Amino acid sequence: MAEDDETGVAAEAELKKGFETLEVVQPDPSVPVHYIYLNRPAQRNALTPAFFTELPRALALLDRLPSARAIVLAARGPHFCAGIDLSTLAATSAPRSADRAAASELLRRRILALQATISAVERCRKPVVAAIHGACIGGGLDLVAACDIRCCDEGAFFAVKEVDLALAADLGSLQRLPSIVGYGNAADMALTGRGVPAAEAKAMGLVTRVFPSRAAMEEGVAALARGLAEKSTVAMMGTKAVMLRSRDLTVDQGLEYVATWNSAMLMSRDLEEAVRAQLEKRKPNFSRL
Amino acid sequence: MAEDDETGVAAEAELKKGFETLEVVQPDPSVPVHYIYLNRPAQRNALTPAFFTELPRALALLDRLPSARAIVLAARGPHFCAGIDLSTLAATSAPRSADRAAASELLRRRILALQATISAVERCRKPVVAAIHGACIGGGLDLVAACDIRCCDEGAFFAVKEVDLALAADLGSLQRLPSIVGYGNAADMALTGRGVPAAEAKAMGLVTRVFPSRAAMEEGVAALARGLAEKSTVAMMGTKAVMLRSRDLTVDQGLEYVATWNSAMLMSRDLEEAVRAQLEKRKPNFSRL
Amino acid sequence: MAEDDETGVAAEAELKKGFETLEVVQPDPSVPVHYIYLNRPAQRNALTPAFFTELPRALALLDRLPSARAIVLAARGPHFCAGIDLSTLAATSAPRSADRAAASELLRRRILALQATISAVERCRKPVVAAIHGACIGGGLDLVAACDIRCCDEGAFFAVKEVDLALAADLGSLQRLPSIVGYGNAADMALTGRGVPAAEAKAMGLVTRVFPSRAAMEEGVAALARGLAEKSTVAMMGTKAVMLRSRDLTVDQGLEYVATWNSAMLMSRDLEEAVRAQLEKRKPNFSRL
Amino acid sequence: MAEDDETGVAAEAELKKGFETLEVVQPDPSVPVHYIYLNRPAQRNALTPAFFTELPRALALLDRLPSARAIVLAARGPHFCAGIDLSTLAATSAPRSADRAAASELLRRRILALQATISAVERCRKPVVAAIHGACIGGGLDLVAACDIRCCDEGAFFAVKEVDLALAADLGSLQRLPSIVGYGNAADMALTGRGVPAAEAKAMGLVTRVFPSRAAMEEGVAALARGLAEKSTVAMMGTKAVMLRSRDLTVDQGLEYVATWNSAMLMSRDLEEAVRAQLEKRKPNFSRL
Amino acid sequence: MAEDDETGVAAEAELKKGFETLEVVQPDPSVPVHYIYLNRPAQRNALTPAFFTELPRALALLDRLPSARAIVLAARGPHFCAGIDLSTLAATSAPRSADRAAASELLRRRILALQATISAVERCRKPVVAAIHGACIGGGLDLVAACDIRCCDEGAFFAVKEVDLALAADLGSLQRLPSIVGYGNAADMALTGRGVPAAEAKAMGLVTRVFPSRAAMEEGVAALARGLAEKSTVAMMGTKAVMLRSRDLTVDQGLEYVATWNSAMLMSRDLEEAVRAQLEKRKPNFSRL
Amino acid sequence: MAEDDETGVAAEAELKKGFETLEVVQPDPSVPVHYIYLNRPAQRNALTPAFFTELPRALALLDRLPSARAIVLAARGPHFCAGIDLSTLAATSAPRSADRAAASELLRRRILALQATISAVERCRKPVVAAIHGACIGGGLDLVAACDIRCCDEGAFFAVKEVDLALAADLGSLQRLPSIVGYGNAADMALTGRGVPAAEAKAMGLVTRVFPSRAAMEEGVAALARGLAEKSTVAMMGTKAVMLRSRDLTVDQGLEYVATWNSAMLMSRDLEEAVRAQLEKRKPNFSRL
């Protein structure tokens, strides 16, 4: 239970050591927003075993950091992410075991472990904004599908690339895309593997904001994340958690869940402050959690 | 079981007494469409405890009224609804009990009671069309998200305002919006609290019709509601009920459910009349239920 | 278990005998794509009892045919489908039994049998592309809602016609449309029965591609289907099956399901070939299943 | 929201007026246990329309009464309950409407209304103990299946009688019995309608306590209810609510739900008192909610 | 839709042709009960491919036969069923395909086909009573777990044998046993593969009746089946169908389902007759469906 | 992904270092069964923060150890487990934060973390047998409810103690007990907190085996575990995983899941060996995974 009384000092120290496949930075110390950059630009940020270990760790550390009230997931280099690294895929999908059942069992565990990395974005209590440019395909699409808000520049494009590798996508796109873009759009993308450009991605709800250039996107996302960071952390975490949970419940169960949630979380200082601020027509000043 | 043999006389009498926060009218006695107006324009129709009691009552009465075959939910004044009244919120969210658990339990029941008001729109067997202009935010958005069809004029805008009050929306938006606008759009709205203008609302499916002016909307909605009122009540009630129920079932369960439903409801006079009318190429004349 | 070692010879022979309401053809022997045409143009392809028997049979045969790696569902004549045949509907919905319960029970079984025909599109392991022109209403919409990809030309329009026959649609639209076009759009269509033109159908995700003319659509769909047929069958079948199954599971259950699926299906020759082909920058050559 | 600040005065007054089919008493003013007796012994407590209105009202009043911390449901006369009154059934199941669909729709609403009476036992926040003697059949079994704890004397017997009235039980036994007695025992009872004596009822988990005589049962149930009434109300209500809710969730969802519940309800004075009492090895003294 | 107006003549004719692995008889023409006997006594009724084809066919025929109002599933020879035939298992589980994915896909379809045979017992609308003696293991246990009522003699014993064949049982025991005997008993049986004797099977709910000898069981089961056959078919079919459907729904969904079901099936002649017979204190005379 | 190619050497080394609250031993090096003992006998094995950290670690290590094919969970001293340590509970349930929402959020995370420890028993792929003597109450009952097989001696007794601490049990009993002992027995235990002796525990399915003495239990459990360890690991892991997963699926979904599972896991050497051994009437010799 050491994580409980965390002031974030240890987390900050660990973050400072850096990562092999990621760069984690807080661009402006006065703004509680942290950036995670996919950082293997030469390989178009293809996802390697190291990435699958590092991303959940980075998110867990930021989750504990009071100075991180919103997180941006972006990428270095000309492309957001080219998907899973081909040699990683080849290695993962060919367990050495001679026994078929043993090989299958090992393979199944490997896939579940990779999925856990992607789902770590959802487990992180704080909002995660994806800022996408260039190619966002295969595992890259699986990754952003788990983010809370997706933005891109006009040159971005998206594809469920797995089908061209002769496999069914297994890192989450087949599960998350249908509720984001509708079942029909998701099936079209998943079966054809075709590239979806930014404008179409916006029209189908895959991204909610398209910016005219990469620079504009960086500015826009920074403003968006700053806005999220200014809001009450209680409200941010509650909204994210309740939405994710309700996704898998009936509407009635979801209503009952949020009633229970708010019975615990509603009587906060932040709510009092928000109401007071609205009545006094000023900006509220929320506590850091 | 008194409600069974209801001819609607008692309901009509009770409706005549009027409401504090609502106005309920049937504009044209020859057209079986009733309007419920949010009617506290000076307060931008902010939702008070009286509203939460009156709306379900009004809907229950109209549900029994043979002269109400379709219902329009609209608003007086410049805005549809500014959300929950701030002082109501403050009072609701701060139970006086000194014991934390007792306070939580009371708060939970209060939220469940407020939710029941919103869900009363779905419990009403007849189709409810929301006609929205101006601001439709917070509790107002929760309310229209439970309606069957949403229309607006070009000046309307929508926002999940709760996040700015430092709380997770608990009146249904987090549960109902994702299936209406997609998970991505819903998360963007819920986390940022940003205002969504009419055109974007249409593009994401939040409204299905945008009219160029408030007057045009009123006319358009009147025509739409009249059209619904002309259809077979059996078909209207069945379609609404089956869709709502299927929302929480697997596709196979939903198919099996509608088969069972129609095994009870299909051999109606309305169906015979509809088939006959189609063959005779004339308008059908459906029975009032 | 005779179907196991099927080389498709028997299936091919049976297909050659032809159908009363369908035409099944493979336009180009060198391209493993088969077309199923609704083929009662004079009756605007209204759905009769024969159709409900023949479609599942045709799909089951193509499912076993190695030369069918993708299927196109299209229609002869000026309209895709005018919905269920009126006299079929009248006969189906009026069982002769004098006992109310017996009549209901029989009616329920009849509806379940009709639904099974529509769901046969989903049970078919291979991707089914709907190519739609003209009217696609009532049962026709139920049918295409079960297809994997929907394309249309500019003149196509779509309607949930059942409501005008005084009944709740019971062949799947009320269950499948909400996840395709969003709950709000689906409710609007189902309650009003209004015709949705091609452009709006595209905007709401009902179709994913609109072509400027019927000829253009035919060409476009042929190219699309050829593309699907060139992909790995293992990947096609896995993607379709996993998406359909995940639709009815929570996200976590869906992830766990695809991990189990791929533990069985991943170590294929197709995957090896796909990786090799990517590294060698050539087109892969997948095995026929 | 008047019910919130209820001290129970109004509820007590209404209870004093009495009921037609029930007797509600608090045998010992110093013990916060209330009894609801089915009170039409001459008719073997057959369930009439009045009963279906009165039971939910009685439960709602006791729910608000601080002096009711546990509720016993028992019966006057030689039998607990002979099931739904035959003339009520005949009247309910034969709506006068000539239109088949209208009749079905009315019938469906009537059944839903009857079910709501039974489910009111679960909606009551306080534990309800059924004390059963003699026949407990049909609607009587539906009723006790919704109670939290079931006790009986040795002469009691249980039967799903509906099957002998040529109908499928529709007041909850088919839904609740399988999780109480196992699917096999439930199916046997439901299909055969056979009488299950007390000892077998205990063996299959339908009752948890069998007493050698009616007097012994009365004493035993009184002691059991007193024990429940001495416990923390927070714990009682939480345990009942969480179990009922978890019944319809996956285990993981149920765990997450109780964690959220307890995050609201755990920091109570009762918990502090309970821990202190355990350490001081004395009986705790819980607050009344 | 030929099955609709079935008088059972064709079914009877087909039944007369007989089966390779089954014997289907109606012992007493005046009693509408049919028996299906597993009929390969020399092989202890081990399940072969022929059985998996014949059982669903036999059930489908009896389903249509008015003279079959209850079905008994029993076995010839000293044992009920020794499970799946070993050579069938070996052949099934080793597809010849050299490609791993192709082999898996084929294997998966084979298992689904075998499961469909077992589930045919549930798809049959009429009650199926299992009469078990001797060994009932592996596939035999899967089979009886799908029956509605299970009886045995004192010498019977039950085992999930699959675990000793180095595989997870895949014909339904792992899915159906937990709700019949509780999760703990099911896990114990499934993991240890131990034999459960009749008395323990009764105690855990696996069977509901144990008879002192095989002859006594035959007599007892005949009486039980006759009793089922005397009841209203509407009630039998409704009870079976509603229980099976409710097993996979929440309690609230199940209640709503049975209300819809009964709105279609309640106004039957059988109900009128049942009520009249009860009032006249005579045996009801139900119509044959 | 280091865990993949684990030979268990590192795990064994870490196990050797020992635990503060547990003792982990392999009594007989020739038998691949490991024991985890709760090892704070003086405190009646009350559960402390250290336990909640150590148990999942111990299980994860044994999960990787080829020499652990079955696991026994037992306890040192006169009692199995007295539940959560009172001071741990007091500390856990009173977060220091002054803000109510922050305190709730922290508390919720703490409970989720404690639950994860209990659920680690289910996450462990190998069968876990609980060997219980003396008191098994509160958290102790939560713990054994997650085990696969539960055995006890005659002196054992079980209680949901949480209700006497004025809280709803939140470590899994309310979720897992109903499917083990039936909803009625679970509610009785949870609401009354009464002690259930060994014989009643057996009758309701809470334990599957009761031994006349602690020594007899130790012997019996050793034999049981040895039996499990001799079986095919593929079958053990598959059976456990499929049962746990199917618990949260509909029967049809569960069937489809196990078909997919076995399509991956069936073509094992163990199956070939099992079939061969059966035909040769000898003990099979399974591979270690």
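Every chain is named by a letter (A, B, C, D, E and F) in the order it is written, and numbering of its residues begins at 1.
Following the convention adopted for this analysis, a residue touches a chain if its C-beta (ideal position, glycine included) is under 8 Å from a C-beta of that chain, and two chains touch if they have at least 3 such contacts.
According to UniProt, the chain labels map to these proteins: A, B, C, D, E, F = Delta3,5-delta2,4-dienoyl-CoA isomerase.
This structure is a prediction, so every number in the text was calculated from the model and none was measured.
Shared contact partners of chain C and chain D are A, B, E, F. Listed options B-C, C-D or B-E contain a single repeat of the A-B interface, assigned here to B-C, on the basis that more than half of the contact pairs agree by residue number.
Counting every residue number used by either copy at the chain B-chain C contact, under half are found in both chains. Between chain B and chain F the centroid-to-centroid distance comes to 49 Å (mean Cα coordinates, whole Å). In this assembly, the C-alpha centroid of chain D lies 34 Å from the C-alpha centroid of chain E. The multi-chain contact residues of chain A, meaning those touching 2 or more other chains, are 100, 104-105, 108, 176, 179, 181-182, 203, 234, 247-250, 252, 256, 260-261, 263-268, 270-271. Every residue of chain D that touches chain B in the complex is listed here, in rising order: 1, 4, 49, 52, 92, 95, 99-102, 104-106, 108-110, 113, 234, 237, 264-271, 287, 289. Interface residues of chain A, counted against chain E in their complex, comprise 100, 250, 252. Of all residues in chain B, only 86, 89-90, 93-95, 103-105, 107-108, 111-112, 115, 119, 162-170, 172, 174-176, 178-179, 181-188, 190-193, 203-204, 247-248 touch chain A in the complex they form. For chain D in complex with chain A, the touching residues are 245, 248-249, 253, 256-257, 260-261, 263-265. The residues of chain A lying in touch with chain B in their complex are 127, 148-150, 176, 179-182, 203, 205-209, 224, 227-228, 231-232, 234-236, 238-243, 246-247, 249-252, 254-256, 258-268, 270-271, 273-275, 278-279, 284, 286.
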